[in-house]
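These notes open a run of structures that come right after.
Below, chain A partners chain B and then partners chain C, in two separate complexes.
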Partner chain A sequence: MSSADFLALSPLVLAAGGSIIVLLVSAFAGKRPAPSFAAALVVLALALAAIGLAWSEAPRAVGSLVKIDGFTLFAQALIFATAFLVALASYRYMAPRSGEESGGDSGGEYYFLLLLASLGASILAAATSFVTLFLGLELLSVSLFSLIAFRREKTIGAQAGFMYLILAGASSAFLLFGMALAFMATGSLKTADLAAALVSGTPDILVLASLGLMTVGIGFKLAAVPFHLWTPEVYDAAPTPVTAFIATVSKGAMAVFLVRFFAPSGLASAGAYPWIFAAVAALSMFAGNLLALRERRIKRILAYSSIAHIGYILIAIIAGPGRAAPTVAFYLVAYFAASLGAFAAISALSQGDAEHDGLDSYRGLASRRPGLAAGLALAMLSLAGLPLTAGFMGKFLIFAAGEGAFLWVLAVLLAVNSTISIYYYLRVVSIMYSPAPEAETAAGEAFGEAAGATSGTPRPRSARAFGPAAAVVIVAAVVVIALGIFPGPLIDLIRSLTSGY
Partner chain B sequence: MIGLDHYLVLAAALFCIGFVGAVVKRNAIAVLMGVELMLNAVNLNLVAFDRFGVHVVPLGQSFAVFIIAVAAAEVAVALAIILTLYRRRSNTRVDDLDMLKW
Partner chain C sequence: MESHAWIPSLGVSFTLGLDGLSLLFVILTALMGAAAVLASWKSLGRKVALFHAALALVMAGIYGVFLSVDLFLFAFMWELMLIPMYFLVDVWGGPGRHKASVKFFLFSQAGGILMFVAVVALYVLHGRATGVYSFDYRVLLGTAFDPAAGMLLMLGFFAAFAVKLPVFPLHAWLPDTYTEAPIGGSVLLAALLSKTAGYGMIRFLLPLFPDAVRAFAPIAVWLGVAGIVYGGFMAFAQKDLKRLVSYTSVSHLGFVLVGIFTLTAQGLDGAVIQMLSHGLGTGALFVLVGWLEERSGTRDLDRLGGLWSMAPRLGAFGLVLTLGLVGLPGLGNFIGEFLVLSGSFHAYLAATIVAGFGLVVAMVYALRMFQLSFHGSPSGALAVRDLDAPQVLLLGVLVAALVYLGLFPQEVLKLLAALGASLGLTPGVMP
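Now for the complex of A and B:
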């Protein structure tokens, strides 16, 4: 490897080395999580800065394993920035709670796992070979198992972690079996060779079987419809910041990989394969939105909404060369910002001993915590895709891309589904802004704040004070509004970065 | 003479047995073993392709080593989670994980 290769990989190298340092810091920091938290933030900031270094070398293929280009660097910057915000939102949420035995550990390993998961996602976004695809995916997944089960005092977290582990393990076995068949058919482990074999004439049965098997693995990671069953359970049981990470980084990285697999090869217009994805997209949109209508718990609503959003992103992915990459990149920024805002607001509300999850506990939130309520409402409006928010611009671009690629039916279904989704997003907003009856207000206070209110001692002030999670809500709100009103600069930037697609 | 086909059939059979085990079994350890069986079926495939293929570089074997290493990491985390669950409810039955719909 030359020094230019190292420069191109410097964000990954920094994240990998930095995660070891964070682990060491957490081992020597005693019972305080603060040092590992600070170290993780520094490492993520350095990795973000290194994106600039890598940019000077892009586009550059390092061996046959990874290729660093503008789109990859954009995705990596998005991943590290999101991980930074998730770490901020986690700080108070993951801090040891009153009356819990922490077992003598600081919880600093949480930030190590978070770093490792974002490293896996960044590798996934750069992969051009089955080996790096598998390694990135597993680095992401194995870290997520531990993150989901991180709060050991909660049985439900461990259960969800185990369920996710088994399903992820089985789905990566499908993915690997597909890779093995592709290896047999093409004699290479490069993803581009598989795409080429598909595009050229009539692909043989091995290639088709390998793609079918790989679709299972990819669909699971995206939580697209036939493979979405884990989503509500895991979203519900995982710590809220981890849920935010799964909803954004874990799915976004796989979407970026799909774009890099599909767009340059012209696969999007070859044979029946795009139609499978079109069907998955349509099913995901409808299933996600219709199932969300009945939910009464906000994390499960967001879980179903994320299934629908993957459906929207799939439309952009099959829209073909020139359209897929810029559309997906913009949509991911908009979706990440809105999701982070929503989950950070939930984390900020759940810093007491009780989880703020049931919709009823949000009644009258606007009068109790006006700032957080406004941030959550803005995130919901953006997810619904109402004008003047980033979500609207994202959906508009997908609609334009789908229409341009003659995916009329999907574009119309997108519009129909946006309309359906407005109902459940606005229900959350209207519940927050409806006045709560006196008795319920008191109950809501006791539920939302620390156990102090019920045990008679004064509420700790920190539960109400401005914390890092609230800062994340503000950042997300600013991004959502800025992109909704002035999307031009970001779209131009994305166009210049993705010119190769 | 044992040829590539035999390996492919064996690998496919192992994969299916593992999948059925992962879906049907009610013991968390047995479910985990099913998943491992699926991963090892893939390894068998990769190594067989290397042996019978015309490829010069043993790509398949090196990929198989990666898979073995990652599977070991996965098992370590899985056993840790199973242990946590066992401490709470002193059994490892999957259908007792009733708070989640399995």
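Now for the complex of A and C:
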């Protein structure tokens, strides 16, 4: 490897080395999580800065394993920035709560795992070979099992972690078997060779089987229908910042890989493959939005909403070269910002007292915590794709990409779905802005928030004060509004970065 | 004309333009917006600042719709009106506000998003054909389609406008929403939001898809007539004063649809005048009904009665506005309805006759409404203060505008004159 290769890989190298340092810090820091938290933030900031270094070498293929180009770097920057914000939102949320046994350790490993998961996602976004695909995927998955089950005092988290472990293991098995078949058929582990074999004339049955098996593995990570069953359980049970990470980084990295696999190869316009993904897109949109309608818990609503959003993104992916990459890149930014805003607001509400999950505990939130309520409302409106938010521009780009590729049916289905989705997003907003139930003070006791507000007992200071999670809400809100009004600069930037796709 | 680049790489610009048609509606918006603010002066109770913020945002969206020359901007503004309007109904509305606001939003959003799909499709098709990817109205004008595509795109736009106007089978959200909205909200809904639809049809539907519109016109005219008659009968059957006024809107806006789709200059002029006078008249009527409810605590026609003797100023305005509903000569509605019917007479004789019958129904419901609320003997429990000076002033201005429209329609028509010609509409008879 030359020095140029190292420069191109510097963000990954920094994240990998930094994660070890964070682990060491957490081992020596005693019971305080603060040092590891700070170390993780520094490492993520350095990795983000290193993107600039890598940019000077882009585009550069390092062996046949990874290719560092504008799109990859954009995705990596997005991943590290998101991980940075997730870490911020975690700090108070993951702090030991009153009455819970912390088990005698600092919880600093949490940040180590978060770094490792971001590293996996960044490798995934750069992968051009099945080796790196699998490496990235497993790094991501293995860190996520532990993150999901991180709060050991809660059995539900352990359950969900175990569920994710088994399903991710099974899907990895499918993926591996698909890779093996691909290697058998093409004699190569490069993703581009498989794509070429698929596009050329009548592909071998082995090649087809390989794609089918890999679709299962990829679909699981994306949580696209019919591989979505884990989503609501895991979203609900995982610590809220971890849920935010799964919803954004974990899915986004796979979406980026899919674009890089699909777009340059012309696979999007070859034979029946787009139809498979079109069907998955349509099913994901409908299943996600319809199942969300009846949910009463906000994290499960967001889980189903994320399934629907993956459906929208898939439309852009099959829209083909020239459209897929810029649209997905912009949409991911918009979706990441809105999701982070929503989950950070939930984290900020849930720190220090009981988990704020049931929709009923959000009644009248606008009077008690106007700032957080506004942030959450904005995130919801952006996810719903309403104007003045980034979500509207993202939806517009997907329409433009889909219709540009003459995917009329999918465009109309997207229109129908976006109408359905409005219902449950607005319900959350409407509940927050309706008056708090004065008569239901007794019922409100169940939720620390409502009880504290109505009976006048002061809540823990940490829950009330402005914390890092609230800062994340503000950052997300600023991004959402800025992109909703002036998307032009970002669109131009993305277009110049993704010119090869 | 004001133009700035917005998302240049996608051909989106921030372009606003003002011509005769826009000017009329901008004036209406300014007038009724002020009326909405003044009318809700005392009635809010809570979160006053938030209410006015939402109201101002709706107004911004409405101005945007009337001024946009860029189709992306138009669709953007179109959806922008919805969110704050939803909040106006959902937070400050009556007891059934949650259901009403969601119904309103889902209907409008479904229509709006279909229009958005059509806008993007128009952009893509035009770009493919000419290589120029732009949302600019002036660029897209005159795009040629094959008939099927043109019809589908036209229907996409029509879906949005049909929900907002509303056109007969898509009006289901209207009575609930108008009724549950707070005073300011129902004024905006009735006076302005429905006008955005009529404006959109005249500004975008007719010029962009002339062939498809021609093919679709008979259906649209009959839908309009159905709305006129249906709205009239439903209004007659209502016991709730506000709901009654809501259904009269369905009826009156039916005339707008008929007028536009007669595709004659007269019909078009009539539709515009009808929209302006509906905005003024029905907007004022919603203000009046809202104040009445504040004072008496009820909108039930069975419990009202004898208001004239208690509150003569209220009664006088009630009388004028009721006569406006009926279409009394001298008020704007008369001119509008007359022009619409004379425009449709040649091409759609049967439809014209049925629509004329709708005017008789209007007479019946309007007089019933007036009789039950203002005449008769006051029921014991009712005590109603009369209007105070600022309130008289507000209604006075609106009524004066309505009278002006009835007496000097020529001034308005002059502003519009250029428009009919530019749309290629022959006066009188369609070829």
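One rule holds for everything that comes next: the second predicted complex is superposed on the first by the 482 of 501 C-alpha atoms of A that agree within 3 Å, B and C clash if a C-alpha of one lies under 4 Å from a C-alpha of the other, contacts with A are read in each partner's own complex, and residues count from 1 in each chain.
In this text, a residue touches a chain if its C-beta (ideal position, glycine included) is under 8 Å from a C-beta of that chain, and two chains touch if they have at least 3 such contacts.
In this text, all values refer to a predicted model and were calculated from it rather than measured experimentally.
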- With the two complexes superposed on chain A, say which partner A:487 touches: chain B (first), chain C (second), both, or neither. second
- Does chain B (first) or chain C (second) touch A:400, or do both, or does neither? second
- Message: Quick check for you: in the superposed arrangement, does A:419 touch first (chain B), second (chain C), both or neither?
- Response: second
- Task: Kindly classify A:176 by the partners it touches after superposition: chain B alone (first), chain C alone (second), both, or neither?
- Result: first
- Based on the superposed arrangement, let me know which partner A:381 touches: chain B (first), chain C (second), both, or neither? second
- Item | Contacts of A:13 with chain B and chain C, given as first, second, both or neither | neither
- When the two structures are overlaid on chain A, which partner does A:187 contact: first (chain B), second (chain C), both, or neither? first
- Task: Would you check which partner chain A:61 touches, where first means chain B only, second means chain C only, and both and neither mean what they say?
- Result: neither
- With both structures placed on chain A, which of the two partners, chain B or chain C, ends up touching more residues of chain A? B
- Message: Touching residues of chain A toward chain C in the complex: what are they?
- Response: 381, 386-388, 392, 396, 399-400, 403-404, 408, 411-412, 415-416, 418-419, 422-423, 426-427, 430, 433-434, 487-488, 491-492, 495
- Touching chain A in the complex: which residues of chain C? 5-10, 72, 76-77, 79-80, 82-83, 86-87, 90-91, 98, 101-102, 105-106, 109-110, 113-114, 116-117, 120-121, 123-124
- Query: Can you list the residues on chain B that touch chain A in the complex?
  - Reply: 15, 18-19, 22, 28, 31-32, 34-35, 38-39, 41-42, 45-46, 49, 53-55, 59-60, 63, 66-67, 70, 73-74, 77-78, 80-82, 84-85, 88-89, 97, 99-102
- Query: Tell me, which parts of chain A touch chain B in their complex?
  - Reply: 130-131, 134-135, 138, 141-142, 145-146, 149, 152, 155-156, 158-163, 165-166, 169-170, 172-174, 176-177, 179-181, 183-184, 187-189, 233, 237
